[in-house]
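Next, two complexes with subunit A in common: one pairs it with subunit B, the other with subunit C.
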Partner chain A sequence: MENANERKEILDGLLEVLRTVRTIDPARLEGVTEETDFLTDMNTPSTELINIAAKVEQKFDIEFEDEDIDRMGSKVKDVIDLIIMVKERGANK
Partner chain B sequence: MNVKGRKVAIVGMSGTFPTCADIDEFDRKLFAGESLIREWPRAMQFQKQVRSVVSGYVTEAETNLEPVYPLPDVDWPETYIDNLGRIPDINLATADLGSIWAMLGAQECIKMAGWSKEETESEQTGVVIASGGGGTAVARYPWHAFFELGKKTRMAGSHVVDRAMSYREAANVSCLIKNKGVCESIISACATGLGNIGYAYRLIKFGLQDRAITGGVEGTALETFIGFDAMQVLSKGFAPSESSRPFDVNRNGFVCSFGAGVVALEEYEMAKARGANILAVIDEYFNNSDGDGNMFYPSYDGQKRLWKGLLAGGNIKPDVVKVHGTATPVGDIIELVSVVDALGEDGYHICAPKSQFGHMLGAAGSVELITALLMLKNQKVLLNKNSDTLNTELENFQKKPDWEGPVKPAAEYRHLISQDIIEKEINQIVCLNYGFGGTNSAISISKDN
Partner chain C sequence: MTEEERAHYFDIIANGNLVGIEPSNLLLHGPTKRLIDTYHWHSPNKGIVASYSPKERDVEDHFGIFRGVDQVEAFAQATIVSCATFLQCRKENCLPDALRDKFVPAFISIGNVSFQNYLELGDTFISIGNITFWKWRQMVCDGHIYRVPKGLDLDDYFSDFTEERLLKYDISSDFVKVAELHDITGRAILIEHFNKLA
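So, the complex of A and B:
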């Protein structure tokens, strides 16, 4: 359950970030789940994913590698997976 | 080239003007003889580093916009919130301050013109608009994040290009109004505002488009001001309302100002057929270059050829000449004698509206065309504020052996340069603007008879 709580906390933080992304219609942030797709469900312009990544780095005080971003999928769960992975990578250093 | 019988009407005007909530207030203040120039707190903040501290500036709050800052404790915005909800967030996200003003102007122009959604979104509707200066505050953050903080490029966000590219105003307006015709910018320094309108006029006159949103913009930016202040060409030492002094013998530079002027153009018969309110008809537009290899110095020969080109275009005998008149020491009198050379010593009045609001750079030509439209509407010639004393001596350039122009001092033309507003019948106005690089532009507009 600890993992589920952590994922929920990250999702909440991510939603906070998404509310500041002006190209996303706030109405589309209602009922977002881990399966929600930024591109197809939220209608986010693909150019905006990099902004989301940069804001996530600031919000969670982490730094992605370029390869992390290149490999990142467009679903909410992909971003959460990446955040957890990068956090763990940082903790193991 | 010209399509016989095809004319172009101006059917909408709007803009962003210093100290004015809208075009009606701009109209009222101009014809009350007021100055829109103030001491500029943003420049005063750097008082030890700048020479000039006056400007016809417009703050974000005055246009109901709220800056969003990328970092705590910085005063350069990343993006803006529209507190009146006029522009959708998705369009604000891709815009700098000037582009937002361009979009607001476009919205109001379309409303004034009365274009339907279908007309606005047509393949026959173009957007031709630009700014002149390279300074835009939204470029500060990406530079800072990359060069100073050593961050990855992505920290600059994905809007560095669309918010800062040349042609950003046209791109943003086009994405807002969804026109399917031309979307371009004409960039020619301080002739930009008129250059865009001239180009849009030709698109319609040549049969390539039926309608256009066009004009020029200069978003308030100390980043733009700094370069001109460095050149020592800005007015210094006068009270704000007295600092812009075209033709006055004591002028010592221009007042760096900001704003936006946007107009809606439409093919005349189409506008007439749908009962549009026609603000003016464009008689002719002409532009050229000095061709003397000089980036900055105005050219009498270039301006003479400009007039020749304009006058060749038809029946042009203006009641008013709206001059560029920046209040720089050399420019004003060269312009004055080139007007006299073209039109003679009487039968018209000269008006330099920069005397009331300063030099709006890339917006100058379009905002000043709007002042001409207001003069046509009000049947009044605006004053030349602060042109208190005209030189009774010849200018140095008039004393050179190879000088071929008029050899009278400015004071001999006092009757053309009024310090008061003049009421008279105005049927036709010629507007002139020039820019660095030796670019010259002229347009003639008339009342619709």
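So, the complex of A and C:
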């Protein structure tokens, strides 16, 4: 079962990733929550989501499939859900 | 395409490259908006060299000059469309027409582009593109466009081209650089996702 600590740890790791993304204004990372939307709240170009996903793979040592990226929503919680799902998928292999 | 031709094409997709392939067999669009005549060099995971000679229709009402925006489009067709289509076919073990029912090839972003010369009717140009990112059906390419010296046999010239030379744009100074292009980005979007954009 997911727990709050795990989601908090992933959010912290995700924020580390986002600080390295050139197109994200660091000021917009203040007060990010799981409900924050990359596109509407952070003004992230939609093409940048792919670059963020590539950095997330490296950060969390996971591997996304095409279908994972196709299904990924634009909110922070969507990315956290995806990371958890892919980690569990990897653990079950 | 005959069954024999399809079998040959499958072999090219699995083991070869785009040199010798007719662009109309790879690109789903056309013919009037197809801005590639010939693929001269291709390394599937690295990059490509393709040429085009502007037609009357391409320069009509534009002083006989091939527009800058069409240069970007020609470069995109040579790189993010051709190269990504080839790799996706290789991944799915299919021919390009099978992708038509699943994806829309979308031109989604460009970075800096600078024009340093021009192209007119009667010129031939090459797009030299190198792949900087390819994952999850999204491809990003950088590259240059050059005017080709008159009378040059491009197939012969690029017959011994290499990935190292591609990365250094190591070609004769007789080629005239026309444009530099960065972060040309395209993605094969699922049709159902594309339709939601409307």
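Basically, the second predicted complex is superposed on the first by the 91 of 93 C-alpha atoms of A that agree within 3 Å, B and C clash if a C-alpha of one lies under 4 Å from a C-alpha of the other, contacts with A are read in each partner's own complex, and residues count from 1 in each chain.
Definition applied: contacts are C-beta pairs under 8 Å (C-beta built on N, C-alpha and C of every residue); 3 or more make two chains touch, one makes a residue touch a chain.
No experiment lies behind these values; they were computed from the predicted model shown.
Residue contacts after overlaying the shared chain place A:Ile84 against neither subunit B nor subunit C.
Once chain A of one complex is fitted onto chain A of the other, the partner contacts of A:Ile62 are absent, as it touches neither subunit B nor subunit C.
In the superposed model, A:Ala53 lies in contact with both subunit B and subunit C.
When the two structures are aligned on the shared chain, A:Leu39 is found in touch with neither subunit B nor subunit C.
Legend: residue contacts after superposition of the two complexes on their common chain; A:Asp70 is shown touching subunit C, with no touch to subunit B. Of the two partner chains placed by the overlay, only subunit B lies in contact with A:Arg22; subunit C stays clear of it. Looking at subunit A, you'll find residues 47, 50-51, 53-54, 66, 69 touch subunit B in one structure and subunit C in the other. Residues of subunit A that touch subunit B in their complex: 22-23, 47-48, 50-51, 53-54, 57, 63, 66, 69. Contact residues on subunit B toward subunit A in their complex (touch as defined above): 79, 89-90, 92-93, 152, 154-155, 157-159.
Here subunit C touches subunit A in the complex through residues 108-109, 133, 135-138, 185, 187, 190, 193, going by the rule given at the top. If you check the complex, the residues on subunit A that touch subunit C are 45-47, 50-51, 53-54, 64, 66, 69-70.
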